[in-house]
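Two complexes follow with chain A in common, the first pairing it with chain B and the second with chain C.
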Partner chain A sequence: MPKVRIDNETYEFEGRPKLLQFCLDIGVELPHFCYHPSMSVPANCRQCLVRVGTPARDRGTGEMQVDEAGNPVIQYFPKLQTSCSLEITDGMVVETHRSSEEVAGAQKDNLEFLLINHPLDCPICDQAGHCPLQIQAYKYGPEGSRFEFDKVHKPKHIRLGPRVVLDGERCINCTRCTRYTSEVSGSHQLTIIERGVRNYPMTPPGTEFDEPYSMNVIDICPVGALTSADFRFKARIWEMSKTPSITVANAKGSNCYYWVKDNLVMKVTPRQNMDVNEYWLADEDRLDYERFNKDRPAGPMINGSAAGWDAAYGEAARLLSSVDPSEVLFIGSPFATVEDNYLLTKLADSLGSPAPQYIRHVEIGKGDDWLITDEKAPNHQGCERLGMSEIDAEIAAARIQTGEIKLVYVLEEDPVVAGVLSASDMDAVKVILHPYNVTNETLHGANVVLPAATIVETVGTFVNIDGHAQRVRPAKAIRGVNRTLVMEMGESRADRHGTPFDRWHNETNLVDCQPGWVSLPEVAERLDIEMAYKGPRQVMEEVAGTVDAFQGATYEAMGLEGVRLMEIGAAV
Partner chain B sequence: MEAKTAKTKAGEWRKYERVLLPPIKDLHRIDVYEANGGYKALKDAIKGEKWTPTAVTDEVKASGLRGRGGASFGCGLKWSFMPKPDGGPRYLCCNGDESEPGTFKDRQLMEYNPHLVFEGIMIACYAMSISTCYLYVRGEYADWIDQMETELAKAYAKGYVGKNILGSDFSCELIIHKGAGAYICGEETSLMESLEGKRAYPRIKPPFPAQYGVFGRPTTINNVETLACVPLILERGASWYAGLGAAKHPGPVLYGISGHVNRPGVYEYPTGMLITDLIEEVARGVRGGKKVKAVVPGGSSTPPLRADMIDGVTMDVESLREAGSMMGTAGMLVMDEDTDMVSWLRRVTHFYHHESCGQCTPCREGTGWLEDIVSRIERGEGRVRDLDLLADLCSQMEGRTVCALADAAAWPVRYTIDRFRDEFVARCRPSHVAVPALPESELEEAET
Partner chain C sequence: MAESGHGKVVKLPDRDPKPAFSKEDLVFASEEKKRIAGFVEEYEKPDGAIMKALWLAQEKFGFLHPDVIQLVADEVGIPYAQAYGVATFYTQYYKNKTGKYVLDVCTCFSCQVCGGYDILHYLEEKLEIHKGETTDDGLFTIQEVECLGACGSAPMLQVTNGPYVHHLTREKVDALVDALQNGQMPSFTSITLPQDEDEMGGNRRTDVDKTEAYRTPPVAETVE
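And then the complex of A and B:
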């Protein structure tokens, strides 16, 4: 296999890798700004310089020249090379800043240049703390500056579009954002204007940067030049805890981080998963977090009055046993986890009721061929795979009106809005509801309300539109003690137990709710139905072991990137 | 005078007969051009048995023609980098962006002898099996662009350009493209981006234009004057061309002489002219009988030579390299003894600062910083240590950028300071200010 020597260590390589990516892959850090693995390589930041040599060959014979000791003679390029654009060849010798003073010096020189016109307003910059320029300037840059002139002034806080704000002075002109719109999203909405040191990205005259994926440029911008109109100045990066999970605004299951401070989700950023969303998120995914913070129920209720959990579970069990099992309509939820839906199925089955059905949320034409789907709920695939069928609202409504159905048991879902229940039916039919938000219109007439933990407060599995099963993890705490959740939160948060600035253990903003895998067994138990699981992990083990359509979907297998399940047709 | 006794490679240059810009009235008109033997080389090339495309390239190689756009690269060699035709499009770009300060010779060709340029283009396209050429002209040359459009239409009508040229099966389109006022568009890869309708940011190389050029297809870029030499080479033979001027850098050259001379202008002579001959005889000496202080031989980016460095130096790659400069575009700027070199350098740094495309860090940031410092020195506010800083910054820019504009910006700074250091030091305040001694009385007080 061909070999390359980097800082006196030999590595084998395959294919035709570029040097910078190869170094990053093997764990050799090289400072860089403009390079992004998903876009063309303009080599414009000039930060990734290295010294490179190749074995000298005899002009005539083409044979490798060797010195007296039999080692190949290395001919160095007269100029330092940008590693991002350089293809590795067999026998190449590379010196990075770790072994060459010249390279270290060149990297330092470049950072000096990058900083002379940079405003250095890190104390008020959203990017500070996770800013490639800041980090690399500290690591590889010079101490102080020799620049003694006025910095160049450029336009600041320009609204490029509804969701992205530009600070032209912070821009280091890496062209990642413009390349993104021309090569990745294809909207071509950004271009660099002006020239020389007055360069900055801008929209063509009379247009806005409003594509549905505009906010990705905020993450790929290596400085704080592009900020989120939504998030600007809300929190510093070190004040938030970060949890890997997935987004739920559609059925793509894009991988993300939830950034939480004091039990409020502050922002959502993409997490790389080459099988699902690569490096990107749709704007709708990023802005879909207020429902985790706002309009949350205050706790369980019985007939419109606050109640304790125990009483509420008891009342739910009482109502369930007060009607004939055939008269119960169980409604599962494409917003809830596979685990919760499975337990609901199990509850219905144990009672002898018909299998739960689910409400489909499709907005035809809203989707695209990228990360936005027509499907607006995250887990209809999970419901289908559990054998649930889509509810026919008209038939269900008729059966309720004729009194054929006497009790409706609903996981997070709004049958009133879906047209299954009408407000007037609610007197005749009993309703047990596990809602996320008080905006749920079914809530007012519900007999028992058992507030449910949202995706950012629970542990569980979702199956995206392509059959990719993925785990969610608690990003924020709920009221009450739940060992599973606390353990999960501590283990899965990228920063372990969260930053000291995130007061997740304080009472503030804790919602009094429960994951379905807590509340459903509580109800079942009161009906003498066996539903004793150690937690969602065990539930999913059972699902993976017993339901063909979930084969292999254990927590271990799903890990951080999920597993691709068999096609439904093939499995069932 | 000393200049007359010194050895010149230009031979009997005083008897030289102009070939690029011959003294023929209305030569820009196609009928006049034809009446004076115009388009004969093209006819021979396309119709004659002798000139296969390879034979044309070989002839150009044998002539020793080097590019006139600045880098003096062997023209025939460059042509031979084009891959074998694969049926897809291939392009020639004729570079008439001419924006380097001190350079104004392509304009003469486009104004007075455009058909020679068109003919050269057609022969080059024939040699490289190219069927489209873009002639990229700086937009400020609006009048000559209009005139060339008119003349080009006539060339099309007469079958020298376009479909089935002169009844052969060789077809080639020629499109004149107007630039929009950016020096960087003259850089070959930037020119291609600009042609594609994109922002004119130079590309990284490799891939080189011959592999991946305009619209991703094989492309050759040549300067206007370079291509104008081609019909002459075919007509008079490679050996005629090779025998003219300096052996390693032969041929006729348009010297664009400007600055403090009595007769600035564009002069056609062989390469290898003594700089002193060009100043004293061709340009009729320095204005007001003053002495020369500095000569910038080939456009503002080439290092200036002090008066005491130009004796015996001839205008060709070899001699200028030895002297410590470059041939560049042969746009020679002469500065007399009263010239303020600090001020001159400030103006040059301003140009490169203004023209940096801004794509890459060292050039975008460095060019402005250079101007800041030199301006401060010019105002009398600089310090001697600024001169070291300038040298440092040049080292931080040279060879570390996408295109050569950063080098072009750094060289004049490095070499002007190097060669005229006293003048700069005299303008600077000292870096170290001596602490004045305390008066006696205070000293005594301090001791008690």
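And then the complex of A and C:
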């Protein structure tokens, strides 16, 4: 196998890798700004310079030249090379800043150049703390600058579009953002304008940077030049914890991090998963977090008045046993986890009621063939795979009106908005509801309200539109102590932020809600139905072991990147 | 585009400019379309044709209003943003309506060292406008530009994307402005190289009769 020597270590390589990517892959860090693995390589930032040589060959014979000791003679390129654009060849010898003073010096000088007109306003910059320019200037840059002139001032706080704000002075013109719009998203909305010290990215006059994937440039910008209109100045990076999870604004299940401060989700950023969303997120996924923070119920309720959890579970059980099981309509939810839907199915089954149905949320034409889907709920595949069928709103409404159905048990859904229930039916029929938000229109007539934990407060599984089963993890705490949640939280957050054990812990904004895998067994227990699981992990083990459509979907297997399930209906 | 007292300020272009041409005027004639199609054919990808097409449009419309750039981009078949980026890169493309004569004063390295800024400021004072502005009589626009590739005869300026005026002095600037006011464009001047001075009268250009030769004066004289 061909070999390359980097800082006196020899590595084997396959194919024709580029040097920078190869180094990053083997864990040899090299400073860089403009290079991004998903885009073309313009080699314009010049930060990734290394010293490179190749074995000298005899011109006549093509034989490798060797010195007296029998080692190959290395011929160095006369100038330092940009590692991002250099293809590795067999026998290549590379010196990085670790072994070459010349390289270290060049990287330092380059940073001095990049910083000539940089405003150095890190203390008020959103990017500070996770800024490649800041980090690399700190690690490899000069201590001061010899350019003691007035800086060139460029436009600041310019709204490039509704969601992205530009600070032209911070830009180092790496062209990642413009390449993103021309090579990745294909909107072609950004370009670098002007030249020399005057240039920065801009939309051409009369247009806006408003593509549905515009906010990705915020993450790939290696400085704080592009910031989120929505998140600007709200929190410093070190004040937040980040939890790996998935987004739920559509059925793609794009992988993300939820950033939390004081038990509020502050922002959502993409998490790399080459099987799902690669490096990207749709803007709708990023802006889908206010509902985790706002309009949350104050706690359980019975007939419109606040109640304790115990009383509310008891009342739910009493209502369920007060009607004939055949008169209960169970409504599952494509917003809820597989685990919770499964438990609901079990509850219905144990009671002898018809199997739960679910409400489909499709907006035809909303989707594209990238990360936005027509399907507006994250887990309809999970419901389908559990064997739940789509509810026919008209038929269900008719059965409620004729009195055929006397009780509706709703898991994390809003049947009033879906047209299954109308406000006037609510007097005739009893309703038990697990809502996320008080904006849920079914809430008003509900007899028992058991507030549900949202995706950022629970543990569970979602199956995306392509049959990719993925786990969600708790990003923020809820009121009350739940051992499973605390443990999962500790696992999902290296800094244990928000758990009672960390120094940032605070009690503000805790929502009094429960995951379905807590509340459903509580109700079942009061009906003398056996539903004792150690937690969602065990529920999912059972699902994976007993339901063919979930074969292999254990927590261990899903890990951080999920598993691709067999197609529904495929022969097992 | 005035400069602030401290440092340089790069202004944001008007992001929502008023139209400068009517819908009826904002079209290419079929002859022009044919020429642009010809440019596109010359290159592997349509991108390559953008500079020639922008040039054609500038000659037709006088300057490259964003609507014109959009028109060119559509005709060439590349994104508007890309065409706009190209148009703003080059000072030879006028993004705003200019005076009859555009004086591009070079202040890049060599010209700067040889007094480019003195020439620029002298011109600004003389015409009572800042760079980027046009005189009230609509005759002159001053631009500060980067290297025009005539460093050997620094400091220099270019008149309306045309002839260069070399080895500038205040007197030469005065003479140039006088001449232009009388409608007299300077002729193309070929700079001699020492090795050519005895040959062809120092003029290597093939269109010798249309140009003037210019002998490099002794260095000391220019620097003063």
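Quick note on the criterion: the second predicted complex is superposed on the first by the 558 of 572 C-alpha atoms of A that agree within 3 Å, B and C clash if a C-alpha of one lies under 4 Å from a C-alpha of the other, contacts with A are read in each partner's own complex, and residues count from 1 in each chain.
In this text, a residue touches a chain if its C-beta (ideal position, glycine included) is under 8 Å from a C-beta of that chain, and two chains touch if they have at least 3 such contacts.
Remember, it's a predicted structure, so these values are computed and weren't measured experimentally.
Asker: Overlaying the two complexes on chain A, which is it for chain B and chain C: clash or fit?
Answerer: In the superposition, chain B runs into chain C.
Asker: In the overlaid three-chain picture, which partner chain does A:Pro162 touch, first (chain B) or second (chain C), both, or neither?
Answerer: A:Pro162 sits against neither chain B nor chain C.
Asker: Is A:Gly419 contacted by the first partner chain B, the second partner chain C, both or neither?
Answerer: neither
Asker: Would you check which partner chain A:Arg198 touches, where first means chain B only, second means chain C only, and both and neither mean what they say?
Answerer: Touch partners of A:Arg198: chain B and chain C.
Asker: Thinking of the overlay built on chain A, is A:Gly206 touched by chain B (first), by chain C (second), by both, or by neither?
Answerer: Touch status of A:Gly206: second partner only.
Asker: Examine A:Gly387 and indicate which partner it touches, taking first as chain B and second as chain C; both and neither are also allowed.
Answerer: neither
Asker: Would you check which partner chain A:Gly559 touches, where first means chain B only, second means chain C only, and both and neither mean what they say?
Answerer: neither
Asker: Tell me the contact category for A:Asp109 with respect to chain B and chain C: first, second, both or neither.
Answerer: First partner only, chain B.
Asker: Does the superposition put A:Pro42 against chain B (first), chain C (second), both, or neither?
Answerer: First partner only, chain B.
Asker: After superposition on the shared chain, which partner residues are touched by A:Val152: those of chain B (first), chain C (second), both, or neither?
Answerer: Once the two structures are laid over each other on A, A:Val152 reaches both partners.
Asker: Which residues form the common part of the chain A surface touched by chain B and by chain C?
Answerer: 149, 152, 191-192, 194-198
Asker: Sort out for me which residues of chain B touch chain A in the complex.
Answerer: Per the touch definition, chain B meets chain A at residues 182, 184, 199, 201, 204, 353-362, 364-369, 372, 376, 389, 395-396, 399-402.
Asker: Spell out the part of chain C that touches chain A in their complex, as residue ranges.
Answerer: Listed in rising order, the residues are 4, 6-17, 66-67, 69-70, 79-85, 88-90, 146.
Asker: Touching residues of chain A toward chain C in the complex: what are they?
Answerer: So the residues of chain A touching chain C come out as 149-155, 158, 168, 178, 181-182, 188-198, 200, 202-207.
Asker: Could you list, by residue number, the parts of chain A that touch chain B in their complex?
Answerer: That would be residues 41-47, 49, 78-80, 82, 85, 106, 109-110, 112-114, 116-117, 146-147, 149, 152, 172-173, 175, 191-192, 194-199 of chain A.
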